[in-house]
Structures are given as structure tokens and as C-alpha cells.
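Same chain, two partners: chain A is paired with chain B first, then with chain C.
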Partner chain A sequence: MKKFKNREKESDYSIIIGCGRLGASIADNLSEKGRSVMVVDKNSEAFKRLSFGYGGLTFNGDASEIYVLNEINVEKAKSVVVATNNDNTNILIAQLIKERYNVPRVIARLYEPEKACVYEDADIMTLCPAVLSANEIKKLLNIDTVEP
Partner chain B sequence: MKKRVFLIGGFSKAKALAASLIKKGYGVTVINKEPDESKMLAEAERLNVYCGDGTVPIVLENANIYGADIVIALTRNDDDNLVICQLCKKRFKVKKTVALVSDPKKVDFFYRMGIDSVVCAISAISAIIEQQAVMDEMQTLVSIGAGQIKISQIPVSPSAPAADKKLSELGFPNNVVIGCIMRGDRVVVPRGETRIHAGDILMIISADQKDIQGIKEITGNE
Partner chain C sequence: MKEKKNIIKVLRPVFGRIESAVGTTVDRISRGNVYGKLIILIGFLELMPVVITLFYPSEIRYAPWFVIPSFSAIALGIIIGMFTKQAPERTDEWQAPIRRGSFPVLFAWGFAIFLGSIPFFLGGIMDFLPALFESVSGWTTTGLSLADVESLPHIYLFFRSFMQYGGGLGFILMVNMLIHGKQEINLFNAEGHPDRIMPNLKKTSQTIFLLYNGFLLAGIISYAIFGMSFFDALCHAMSALSTAGFSTRADSIGAYGNIGIELVTIVLMLVGATNFAILLLLVKGKIRRVLGISEIRFMLAMTLVFSLLIAASLVMDGNGVGESLHNAFFGVITAFSTTGYTIANYAEWNAFAVFLIFILMFIGGGAGSTAGGIKIVRVHVLFKSAVSGVIRRLFPSNKVISLSYYKVQGKSPIDGDLVSETLGFFFSYIAIFMLGTALILLFSPGTDVQKGAFEFASALGTVGISNGLTKAANYPTLIVEMFGMVLGRLEIFIVFVGIFSAVSRLKKFEFKRAVKKNKKDKKTKEHGSL
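Take a look at the complex of A and B:
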């Protein structure tokens, strides 16, 4: 029974592009939950950020190259998280993956919220750390002002 | 009113292109993120220079790019060029966007992302080199649309099977069109009854290099 469950999880294959702090921590989380996951980074040193217990795959290559995307079988992924440290690279990779491989869920990290408009018609989710932190801080400040 | 053209990134390319466009009467602005390069560019007459990162929306806005006629993205990075053109198209309502791409495999993708014109330097240059190296008699003049359509000139040799024959008598390949015939200083518009003479130069529009083979045979270039 347990074996069957595992196999079911395996069909939910995720790819994380960019093994920075964000990429590595998402990959670690997914791997801990027993999901099948692959992290891609063009710098093999980056994989040192993964925890000791990381059980997923790693791939050393530049994901903005089409042959790399073919090699890691992007089309088989249910979700792809694009989290390199360059907004423009993220935009290119996310659109390339959505357009050429039709992955159901593509999530991209974007430092500059003003650039989100290029994703307008594409079915790509964007996360902006500055906006998220601002919202959290607003909440904290509100609580502080309510107290006295 | 002057047409407004923006060149983003690419120092030497921007310099050469700006000079040529200014001569043709366009209002040209260059956006470059290196202060040193911007200073050097600013030495040119009638050229507006804006120093900043052209992939950042606020920079484009301050450079007054809204509603520009043409934006040409010339940076070294494909991703930067894609973002520049998409921002210009979607946010700043630029009428025409042109992007330089270094990876020939991404040309299609750039077109599908809504960029009006995609130029791949590598495929253009390799096509020229290949043609210089392989072709001798025949010369390709222009390649359009990533090299799928070619305009070439091909001379008719005295021993050619086609010499002194009417065009309608020749079995021309289907996918080849003779645009015009150059005879000395004259230009002859080809019709079915036009006779081809030795020494004529045929201007040929073709879709595939294979189709030209047939032409080479009847003009005696084989």
C-alpha cells in the first residue's frame, strides 16, 4: 500500500531552476515531503546550499538553453519554479517553459514588481519578495499600533 | 514629426546604427547602462543619450519611450533583449520592436512572444560565410526571415541550355521566381515570351536552396 502511495507522488514531478537560498529551500522542503524534485543551476557550487538529507536530483546546466530544458524533461513536470537571481533570465525561462513545453504550473520569482506586466497574458504566477515582505511588515506594524 | 527610434544597449552596434539612422532623418535616442560608454556616445551630434539599465521600467519611462516608433534591443543577453521588447510593447505602447538574439534556436520563440522583428547575428553571419565559401558563380544578395527566403543573382553563361530560349520554354522549378533580368544597363521585366540571352543576370527569389540547383543547370553554372 505504501509503495503505491509513493508511486502516486512520483507523478507530481517538480523542477526548481536556480539553487539560491529560495530555490534550495523549496527543493529541500519538497524532498522532505517525499516529492520527486530536480534542481537546476548553472553553477555546481550552488548545490552545496541543499541540506544534507536532500533526496532529489540535481542538474548542472543553463536552463535558458533549449537543449538543457529538453535534457531535464521539462514537459514531464507538473510545476516549475523559476528562481534565478536575474529577473530577466527568470522571465525568459518561465515564458520559454510555458510556451514550448506547456507545463501546467509555472511560478517565477521577480525582484522588480514593475516588470510583472510582461507576464500579463501568459499563464505564469509571479512572486515578488519586496511586495510580500512589505505586506508582512504592514501587518506587524498594524498589530503594534493597535496594542497601545 | 520625426520618427522616434530608441537603441538599447550594444555600444559599437548602437553607434553605427545611430549614425546611419540620424542621416536618414530619424530622431534617435540611445540607452546605455555604462557611464563611460554613454559619455563616448554623447559625442555624436544630434544623438540623445540616456544612461541607465534599459530593462528597468522606470529608466524607459524617464527616457520618454512611451509611444516610440521603433525600439531596437541590442544588448549581449537574449533575456535582456526579450524583456526590453516586451516592456516596450506591453507597457509603453511602442509601435515596432526589434530584438537581437544570439541563440538561433530562440528566434521562433521571440516571434511568438510578440516581438515584431528578430535578428539573429549568428545565423546571418554563418549564412554569409557559407555562401562565400561554397557558392562561386551564384551570389545571394539578401536573406529575409531568418534566411528562408533568398534573393540571389545568377549569370547566364554562353553555353547555358537556357540561352536564346523563351522563359515559357524552360522548365523552371516551381518554388523559384525570376524577379527581373539585368541586361547590360537595362532591366527587363520577365514575361513568358521574354528570351534569355547569354550574359544576362537573373535576379531570383527562392524559398529553398535546393530549388536553385535546377536554375544553376539551365544557366550553365554547373
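Take a look at the complex of A and C:
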């Protein structure tokens, strides 16, 4: 009977922008859990990174264009992950989605930690691989993180 | 009162235990092998015709022939589901995904065909091979039939149409609708559903299922409005929507002589021959976008041109203009939608008209629909690349030509990969057509080329328009046609890849056994020397 109860999952629609290593693996994970996913990339070759078991949609287009965002129904998404390989593109798309379409949860990936200030008052979550790995390495090296 | 409460108290743990037992069984099956799930599903499908006996109680004597195979299949499926595990994901071994998916698909279809033939055989309706033929023709949505329709009990008539309805949807799609698993998604592409409609595969399957059933309901109601009995309406709607073509009358749709019924059939056939994704757009009311899709344009143009040509040729034969147009239009739609319903006797048509129908059977319907044939999209792509071949020669060699066509998802380029894949399919289709025709001509002596070619094209395209050859055919011919139908429904490559992967799996198994045996022999030898 557990099976039937589990079925009533929250139906949330996630959009991943940028089908690189990060974007593709997030999309695969979500799809495997039975969530609704859409991946957008401007290069159709990028979709080859998705696993064969990926059950969601793909859209070939430039997500910094308004018509593309309209086409993929961004306003219906509960969360959007922006993970293209360019920080400035990420900033542009994340702001566009937050301001124009009011998506509740927007997560952007940033290579350059200094640019995080751009997002500060925009209610956009940022992740920086360099900072994350630095923290992990600190833990491995047992550096005392508390400064005097 | 008190007693009642006591009983409830006693029974509660019992019910609880049963509930949890069922729960764990369902859980284990859903985590088990995909084969178990497929077998259970097919078993349940076989059980459906029994419902018909509620309306025709005198036919209850045929029910056991459905119930017995159905229950044994369900039991087998449960056992397999309980005692197997999902194949672990292997990262150490490279295998093309399609290869992993094709064998279960082939297995599901093979099992369904076998199970579907049992009621005909056990019920004494026909011998084993004709029963198998009927089953193949049903599941593959072809509609070539050996049965004497007028004397067949209702439960069998329903079963024939129901097989086509299920075959039109596909087994993997039905499994995907119920369960969400990574393994099942792998199979989805292999069964020939190229489009994703929703951002989630389960929702995609459910949407397609709902659409399909919605059209079925609409079809039944419209048939009933035009004066068909409920049973006939149900059977015809199921068969027309899956572009299959089993009828409950010997003269097919022509037996009713009713223009309303013919119109409903035409609409249902067109719906069946249209890609599910396009249908969804249509239901959403985006008609402009639908009309922009290359496939739809090609389909409309083709219908117009071929109808007019056939009608003209019929008029030249001395038929009335209205009647000719009417017959030609119905004939064109029934041919390219690969349905096979008839309102006229095509054997009386002139050779030119028959040949045009023959071409349409080759072209077939839309990709990702229930229709068969080469598929309109592929023909469109080949047509465009052929035209560009001419243009390339007319202009300087550095002229840039970019080819594209409109899909549901929008504009899409026609690149070298697409063309070569399409050409590969086209060639295999033609090669199989030639091989099949040759075999039919070999096995049934006295058949002329035109008849044999037409009948095999009809089987390969899962059309089901017959010129009478099938009804009088001997067993080898039937076997050839059965292979044609299965290849046509599963789009050729999957069948070969499935067989190849089964053989290579078997070889691997043999190899492993040989290695084990070798080791054992060595051990015994060592023991012996000691």
C-alpha cells in the first residue's frame, strides 16, 4: 500500500538551463526520481550528455531570448537551475527569469565568486564550484576555519 | 451489535495482513524484472473480453478460453516479478542503449501474439497457425483476417478489435503509464514513440492514453448517432482509431452504406494516422501551428492529389463523378492511414488506381502514430533532399543550401545524419518488401506478381487491404505475412537488433558455461592425478 501513497508526489516542474556536465547530471537525477524536467541548451549536441533513461523534455534554443523562455513555459516552473558555462549569461538569464516570470526558486552557478554580489538583493541562490571545493579541501586538510 | 464489533476486531488484523501482503507483492513486482510486469499486463488485457459476456450471457461458454490463459499469464508474471531483480546498471560494459531495450520489446510482442492466439485455438474457432495469424494481425494493427466474421461470437469480435486497440497504444507505453522506472524508460524509445509530450515520461504516457481514450469515446458516440449498434460502434471505433481495420461485417464499413458512418470512420482514421504530439496541439487549439507542421501539410497535399487522380481514373471508367470522388477519398485515407477499411471492392478498380493505393500503403501515416508504412516524415525528408540534389547541380558549388522541416517542436534541420538514417530505413523497407513478395510468389504458385506484391505490401505496412490472397493462402505464405506484419509494426531495426542481442546473450551464456565446465574438468583432473 505504500506504493500507492507515494504516488501523490508534488508535481513540480523544473527547468535546467545549460546541458553541460552539471546541468545534465541534475536533469538525469530529477528525471529518475519521476519529476518533470525540461533541459534547454543552444547546442543540440549537448543533449548527448543526458543518459538514455532520461524521460523529460529537451529544448534546443538560446534561453536568454524571451521567445524561448515563453516557449518553455518558464512561468509554470517551480525551480530553475541556470548552469551555462558563462557567468554573465547566467546572471542575465537568472535575473530575467526572476524579474519577469517570478519563478519561486532560481539557482545559478557562478565560476567567479566575486560576481556573487550581483545576486545579493535579487533573491537568487548562487553556487560557486570554487568556493565549494575550497571548503571541502579545507575540511580534508583540517584547517581551523575559525579566525581569531 | 457486540458480535459485529467482535467480528470486526478479529478480522482487522487479517485484513491488515492481506493488505500488507498485497502491498509487498506489488512493491516487489514493481522492483522486479520488466518481463514480469509485461506478462502481467498482457494477461490483464486478455481478461478484458470476458466483460462482454455480461451483455451476451449465452457466450459465457467461451469465457474459460480467455480466463485460463489470462490467469496463467498473470500468475507467471507475478512469480517472475517476485523472484527477479531489476538488472543492475552496468557501467563496466559498453552497449548501445537501443540494444538493451529492443529485446524486452520484442519479447512483449512475441508473448502477446502467442497469448492472443490461444483463445481462438482453444475455442475451436481455428487451427493453431491461423489463430496465430489472427493474433499477429490484431496486435500489429494490420487487419488481414482469416476469420469468418459473420459467424464469430461477439466475445471474439470484441477481442479482435481490442487487440488492435492495445497494439496501437503499445505495451511499453501502457507499462510506463503505471510504473515509473529507469528500465522502462529505456524501452520507450525502442517501441517507436519518438515524441515526448510532457516533461515526465509517466505523464507523457498518461496523456497519450487519455487522448486516445477520449477519441475512442467520441468515436463510439458519433457512430451510435449515425445508427450503429453499440457493440458495432465500440468495435469499429477501436479498430479505426488504431488504424487497424478489423470489422464485424464481411463487407467492412461498406456494409452500412451510410455516409455519416463513413465520415466518422474517415475522421477516426485521420486521427489514428496523426502523431500523438500533433493531436495534443490540436486539442489545445493551436491550429495555426498544426497547419505549419510539414507532416500535416504533406498529408493534406497527398490526400488531395491522390484522391483527384484516382477519382479521375474512375470517372474515365464510366462511374459517376460524385461516387468516384467519394470512393477515391475513402480509399486514399484508408490506404495511407494503413487502416484497411473498405467501402468498395478494390479488385474492380483499374490498374492505375490500384497502383496509386499501393504507393499510399508504402508511404503510410505519421511517425509516432498508430499507422504503419515508411511514414510520411521519412518520405518528406527524402523528397526534400532529392530536390536539393537537383538544386545543387543548378547553381555554383559554393551556394549554401540549408534544408529544414517543421516538427511539432519547431523548425529542425535536415542534416546528413538524418538523411542517411532515413535512407537506411527506406532501403531496408524496400529490401524486405522484395524478399517477402518473392517468398509469397514462391510458396503460393499461380499467384501473379501484382497480387503477391500488393498483399505483402499490405501486410508490411500493417494496412490490411486484401485482394483475397490471404483468405486462400497456405501456411508458408501466412508465415511470411506474419513476419511482414511484425517487422512493419516495430519498424524493422528493432526486430533485428532484438534478435541479434538475444543471440549474442545466448552465446555469452554458452561461453560462460563452457568456461565453468573447463574449470571443473581441470579440478577433477588435478584430483585424479593426486
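Here is the rule we go by: the second predicted complex is superposed on the first by the 132 of 148 C-alpha atoms of A that agree within 3 Å, B and C clash if a C-alpha of one lies under 4 Å from a C-alpha of the other, contacts with A are read in each partner's own complex, and residues count from 1 in each chain.
FYI, a contact is a pair of C-beta atoms (placed from the backbone, for glycine too) under 8 Å apart; a residue touches a chain by one contact, two chains touch by 3 or more.
Since this is a predicted model, take the numbers as computed values, not measurements.
Asks: On chain A, do chain B and chain C fit together or clash when superposed?
Replies: fit
Asks: A:Ser64 contacts which: chain B (first), chain C (second), both, neither?
Replies: After superposing on A, A:Ser64 lies in contact with chain B but is clear of chain C.
Asks: Just to be sure I read the superposition right, which of the two partners does A:Ile91 touch: chain B = first, chain C = second, or both, or neither?
Replies: Once the two structures are laid over each other on A, A:Ile91 reaches chain B alone.
Asks: Output check: A:Phe52 vs chain B and chain C. Expected answer is one of first, second, both, neither. What do you get?
Replies: Touch status of A:Phe52: second partner only.
Asks: If we overlay the two complexes on their shared chain A, which of chain B and chain C does A:Glu99 touch? Say first, second, both or neither.
Replies: The answer is first: A:Glu99 touches chain B but not chain C.
Asks: Please work out whether A:Gly34 is in contact with chain B alone, chain C alone, both, or neither, and reply first, second, both or neither.
Replies: second
Asks: Just checking: does A:Glu114 make contact with chain B only, chain C only, both, or neither of them? Give me first, second, both or neither.
Replies: first
Asks: Look at the superposition and give the distance in whole angstrom between the closest pair of CA atoms, one from chain B and one from chain C.
Replies: 22
Asks: Do any residues of chain A touch both chain B and chain C, and if so, which are they?
Replies: none
Asks: Where on chain B is chain A touching in the complex?
Replies: 55-58, 77-80, 82-83, 86-87, 90-91, 103, 105-106, 109, 112-113
Asks: Touching chain B in the complex: which residues of chain A?
Replies: Interface residues on the chain A side: 64-67, 86-89, 91-93, 95-96, 99-100, 112, 114-115, 117-118, 120.
Asks: Quick one: in the complex, what on chain C touches chain A?
Replies: Residue list for chain C touching chain A: 19-20, 22-23, 26-27, 30, 97, 180, 182-183, 185-186, 188-189, 196, 198-204, 409-410.
Asks: Can you list the residues on chain A that touch chain C in the complex?
Replies: 1-3, 13, 31-32, 34-38, 52-60, 71
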